[in-house]
Amino acid sequence: MSAVSAGGGNRSTTLFVLRNAPVLLFIVLLACFGLMSDRFLTVTNFVNIVIQAAHIGIIAIGMTFVLLIGGIDLSIGANMYIVAAVLGLFLKDLPLAISFPLVTLIGLAFGAVNAWFITRLRVAAFITTLSTLFIGRGIALYFSGNKMVGFSPEVLALGRASYFGVPSAIWGFAIVFIAAYVTLSQTTFGRQIYAVGADPDAAGKAGIDVRRIVFSVYCIAGVCAAIGGLISLSQVAVASSTFGFQKEFPVIAATVLGGTSLFGGRGGVLGTVFGAVLIQTVENGLVMTNADPYLYPLVISIIIFIAVFIDSSRNSILERLERRQIRVERV
Amino acid sequence: MSSTQSITPGSAAEATRPQRSFAVRLLMSEYLVLVLTAIYFLVMWALVPSIATADTLLDILAAMMPLLVVAIGQTFVLIVAGIDLAAPSILAAASVAGASMMTGEGGFALFTGVPIGVGILAFVGVGLLIGLLNGVCVTRLGMPPFIVTLTTMMFFSGFALFYTSALTDDGSSFGDLPSAFVAIGQGTWHGVPYSLALAGAVMLVAHLTLSRTVFGSWLYAIGRNPRAAAISGVPVRRAVLWAFVISGLCGGIASIIYTGRLETGTPVLGQRILLDIVGSAVIGGVSLFGGKGRVTWTLYGVLFLSVVDKGLQLLGLDLASVFAIKGLVILSAAVLDAVRHRLTLRG
Amino acid sequence: MQISRRAFTVGALVAAAGSSISVMVKAEGSKTVALLFDSLVSPFWVSGIEIMREKAKAKGWTTLENISNFDDNKQFEQVKAMISRKVDGILIIQTDAKAVIPAIRAANAANIPMVHFNRPPAKSDAYSVAIQADNRKIMQDTVGFMVAKAKKQGGKYKACILIGDLGDVNAIQRRDGFFDVVNANKDIIDVVARVSTEWNADKAFAGLTNAIQANPDINFLVTSSDFLHPQIEQVLKSANKWHKTGEAGHVLFGGFDGDEGAYARLQDGYLDACGVQNLFLEVDMAFGAFEDLWAGKKPEKLLLDPGFVITQEDLMAKRDQMWGYTVWKKMQKG
Amino acid sequence: MTAAPFFEASGLCKSFFGVQVLHGMGFTLRPGQVLGLVGENGSGKSTTMNILGGVLPMDAGRMTLDGADYHPRGPREAEARGIAFIHQELNLFRNLSVAENLFITGFPKRIKGLPFIDRGRVAARTQELLKAVDLDIAPNTPVSRLSQGERQLVEIAKALGANARIMIFDEPTTSLTTRETDRLFDIIGRLQRQGIAIIYISHILGDVMRLCDDIVVLRDGHKVGQAARADMTIEKMITLMVGRTIDQMFPPREPPVTLGAPVLEVRGLNQRGMVKDIGFTLRAGEVLGISGLMGAGRSELARILFGMDPHESGDIRIGGTQVRELSPAACMDHGMAFLTEDRRAEGLMMEASIADNIALASLPKFGRSWAGFIERTRLGDEVQRISGAVRINARDIQRTLVKNLSGGNQQKAVIGKWLLHEPRVFILDEPTRGIDVGAKYEVYKIINQLAADGAGVLFISSEIEELTGMCDRIMVMAQGEIRAEFPRAGFDREAILRAAMWHGMKETA
């Protein structure tokens, strides 16, 4: 059996444009900002954009895992702050090679707490992570006493460091991305995440350990929040009592902008990286062109809107063009 | 959290089911959130006796009204499996637009002689417009509600700031509002706050709409299975559009109450309460996945959060304890609900 | 099993709330003052609330705290809760100058004195006392000092300002103070970047990085709050622009608040000038206002902290008035 | 066939909520044996198979596999012991590829000890398995692009990949075309020759007779009969299943002497890639069948007629009036109703009560005043009446959720929904798919009653027997066109099948 497909040269160009619409939008944006500021289209500036997108991007990669199984994690900001507080208050004197893995473990433990409530007690993910958002920040605030948390000079030096000409933040971003990409596309675990997201009941019947998968993705989100928090704090050098506060919004925005569905089963980390970089590009372009700060949210929201609009209308047009043709039964 | 669903076993099961203790029956009822509110209240009463004074109780009631109104709007959208993240920006944009009409410091509508009327129209109009915009994007352009309302939230919050900075001397807010308008948020009639009456009316209309009308039944059907609803002749797009418009309208009305209470039209109004809005509906039992929810459930959720907040305010603890206790209380409620759900499933 | 778990959760809830009983017991007796902050985002506020706690304790007062997280409506609720608690005085840091008026009225009606710390309310018929630093004036003086230094050094300057949250009066006043001076000196100073920080550290970091990227020759930098210094230092170090006064490539750098970081950077020679709000004075003024009000006196509605500018040159002479120096000293010890 | 049994179950018992649904069920399996399992919905077939597949634990009883105790604690263990379950609702993940679906519980790894998937081996092994089930598609084809029949074969390939020794088929042919069914049976024969034991559950008794070596009949959780094929007849099976004799498979149908006025007229209906030049007239009181292979355009035609999909040209009159802007709402206004082939996804709100489902399509009729307040008592009475008329078996239609009903009762709820709307044209797309004999009979009776009351019925089905038993006239579709039409007097199974396969025969000829 095969689908009868009517093809035409004209239609395939349309399809090409549609399929690559987000990239084209990105190019148009680059051209616009490039025309308005001659310093925008430079390698250094692109490096800057990626550095600034790194921490949101990394956390959003973790969020992608959670959204892929149809869950949500609102507590990542609190997780970031706990990591910052512990690193700055208790592990200041330890070498990075020890303190970083330790706080990453704390991020993992935080994710595991979420996961435990969600998988064992079957509390809804939204409410669980809403609660741990408060509890986590409360605990960390107890440690920090609301004070600014500072870090050892090594941490700050790491924030500015480059290895083989590539800044540390980009290294972190790239490593997390590659690990996540390979996990999702090249491992049984990754493919099972998609299966659980598409239909948890069917996944259970097929013999997939659904609880283990769900548990793991919240842990992954916790680890990513910790790593993203580390990158962020190594850049901004101190963590105030609002470090990571309300970070869930830009993180989920980047993930969803990258094409990951909130209802599970659809999306991927490549899109997430694209989403995070796109938002940062716009913010960067606005500063480069010395725009009125009041206009920032207006312009950013309009551009996100256009991106999503193109994406959704593209999908419906693609659907129409590739509509199921009559199936002919082969005899 | 979920509603009371009953699996209907055979009649034999009914007969063999052991008599349940009062505690278990209470745990399984839809009033669980109310019970938890009461328990929390009693604990607080022991710690801070002033929580049980008439004034404080009236404060709690009056204070929860605007949140209730905006959460009711959210309930409509949640029932059709949508979400309206734009609610805070509706509060803010309506607040500055309405206040800019009425302010004694050069309001646009002063010349009309009835600035209050124009102002109220502006509140409601801004709410309706943003709701309509969200609805059109979701139903006509086929965009996901989450991202549509996220962008409208950013846009209109930004716009409210921009508008205020352009039109006020200090760039922060519109004050000097007419006293008759302020009364909507603060005034009382024989001890009953006007805001209570207004929110009560909204609640009644919303409750009747959802539970008694064709439109309400359509909304539930869309939330439960949009394809089946469409095939059964439900005007899915139109109904979803209306759900967003209603959410916008509720945002506008809530903004009137907030603005009246604060005597100020401010662009930062409600910017931090998004999780309170969605959270109270969800704690009450409204499903984020559509098809399940009631106005009364949302009321319980709002009451719960309001009482929790007021108790913490009265204690006057440091921020760390406030966060930790609030989180623990919500989590305990959620765990209890999960336990209840399992008991229900067990039959 | 269900029952036991339920009992457990309820028990946990009671225990969590019960742990605070001790706080409540102390609340009986002597004067009780409510401290209502809108956030504790910068060292200024954190030090502020700590100084208040200490000074109140020294006077034998009890304090209650509430943080509104920039939510005017929630803060109104908190004022009402404090009125319910029948406190003897309310110290408030509101987010919006106008939205606080109903709260003042409510306090007036309950006959509880109200003092605004660092941010005055808008004009109204309600009575309360406000303590405020003269933001615009202090910023004018700070930038004025920098401009004078710039003139002495000669050359043209590309300036950048980090602006605070656009909804905050203090941020607006400081911005205006900055522009009052630079606009009068357009011949040598050209403002090439206005970075909107929303009082948010990573926004400030990204915004300043981008600004330096767009204008690598920025050599005149003013921040509306000292709590952004660590980010500024990170960015300037990355751009290889972090140099002491007198070294080649030094960026003229001005701060505001006078926190411990500002003191350290003044001492090390990176910061040229800092507009200091006299936090100790402001707390004393606020508590003094309470005592006056309890005594039946009626202080002026607005009490100004004139503040002062501290520079590398007069650091030793003035540092004892700088609250950041005290905090810094304490940190050096502990 | 003479091999000794390697699997034995005896005395299986199971209760839900204190109700015993399985009483001492037992059977044996030999390698290469096909065991048919028949019974009405609720008779305990699914419970038995769920116990076997490790989905449910048993309360009492014993199972042995190769002489050793077999008590699976979950589907994984069942799978590991060589028992595969081909579910009725196919458990494939639409968002994954065919190859990924085959290996979702464990991909071959590139290097032992590292988690990376060896894509090359996956593709090769998938090719091999697909070949074993005669499926000619690329391993990386997304499952969402496959037809129901193809998905079924993928499931079988998956079971083969897991080295299954017992394969359980639960209603495998409900959504398959005749052609696909034949192919499935060929493959089952092949599996049988490889020594795999098959448990075959179906309501289509003809298939059971054709395929199975032994047949077990269940009623109310009891095993009421077991016999080799030679000793069993369809009539005997029905008698055992229902506990009484059903004289015929179909209720008597008296064709109307004079047909009424046209209720649905279609002329020159076209939609590229879907349907081509469709024209027919349906009259009041008539039951018009549409036969054809899967993909012949039957469902597509129905969807276009009900305004769910667009059409490029054509003239459609419902009840004599031309309807230009087709939409479900417009069609309903003209008295049309449509029962779709996918009742779970398109027919029902699974999480809602029976009453809510029945009321859904007729709500505006019960709206009062401008606000549309629902007249709840009148609606309640009407819904109760309808539910009685279609004989839904549930204790409380206001509280019982549809998801807890059997397939037959679910279908009756969908039919009830449309009956409340009082249709004059009723399009039924596979109305008896996956429902048991008793329920089928009741659906047929409802259809007869509808026609007798003057409605026109368009009856789409893949079961030719059903059409010949129920219709006054049958149209046969192939490749989006109407290829033949048979009056009741001229019904001929062979001729209908030939017309349906005309295209294919020309190709192979």
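Letters A, B, C and D mark the chains as written, and numbering starts fresh at 1 in each.
Definition applied: contacts are C-beta pairs under 8 Å (C-beta built on N, C-alpha and C of every residue); 3 or more make two chains touch, one makes a residue touch a chain.
Given the structure is predicted, the values throughout are model-derived calculations rather than measurements.
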Partner chains shared by chain C and chain D (touch criterion as defined above): A, B
Longest centre-to-centre distance from chain C, chain (CA-based): D
Interface with more contacting C-beta pairs, comparing A-C to A-B: A-B
Centroid distance [mean C-alpha coordinates] between chain C and chain B, Å: 33
Inter-chain centre distance, chain A versus chain B - centres from mean C-alpha coordinates, in Å: 29
Centroid spacing, where centroids are CA-atom means, of chain A and chain D in whole angstrom: 42
Numbers and ranges of chain B residues touching at least 2 other chains: 161, 165, 318-319, 321-322, 324-325, 328, 335, 339, 342
Overlap residues in chain A, where contacts from two or more other chains coincide: 145-146, 241, 294, 296
For chain D, residues that touch 2 or more chains besides their own: none
Chains that touch, pairwise: A-B, A-C, A-D, B-C, B-D
Chain B-facing residues of chain A, complex: 74, 117, 121-124, 126-128, 130-142, 145-146, 241, 249, 252-253, 256-257, 261-262, 294-298, 300-302, 304-305, 308-309, 312-313, 315-316
Chain D - residues contacting chain B, complex: 16-19, 306, 308, 328-329, 332, 338, 340, 345-352, 356, 359-361, 363-364, 366-367, 371-374, 376, 394-396, 399-401, 404, 417
Chain B residues within the chain A interface of the complex: 1-2, 137, 141-144, 146-148, 150-155, 157-159, 161-162, 165, 275, 278-279, 282-283, 288, 318-328, 330-331, 334-335, 337-339, 341-342
Contact footprint of chain D on chain A as seen in their complex: 1, 3-4, 6, 182-183, 186-189, 191-192, 194-195, 197-199, 202-209, 265-266, 323, 325-331
In the complex, chain B residues that touch chain D: 5-13, 16-17, 208-209, 212-215, 217-218, 220-221, 224-225, 227-235, 291-292, 347
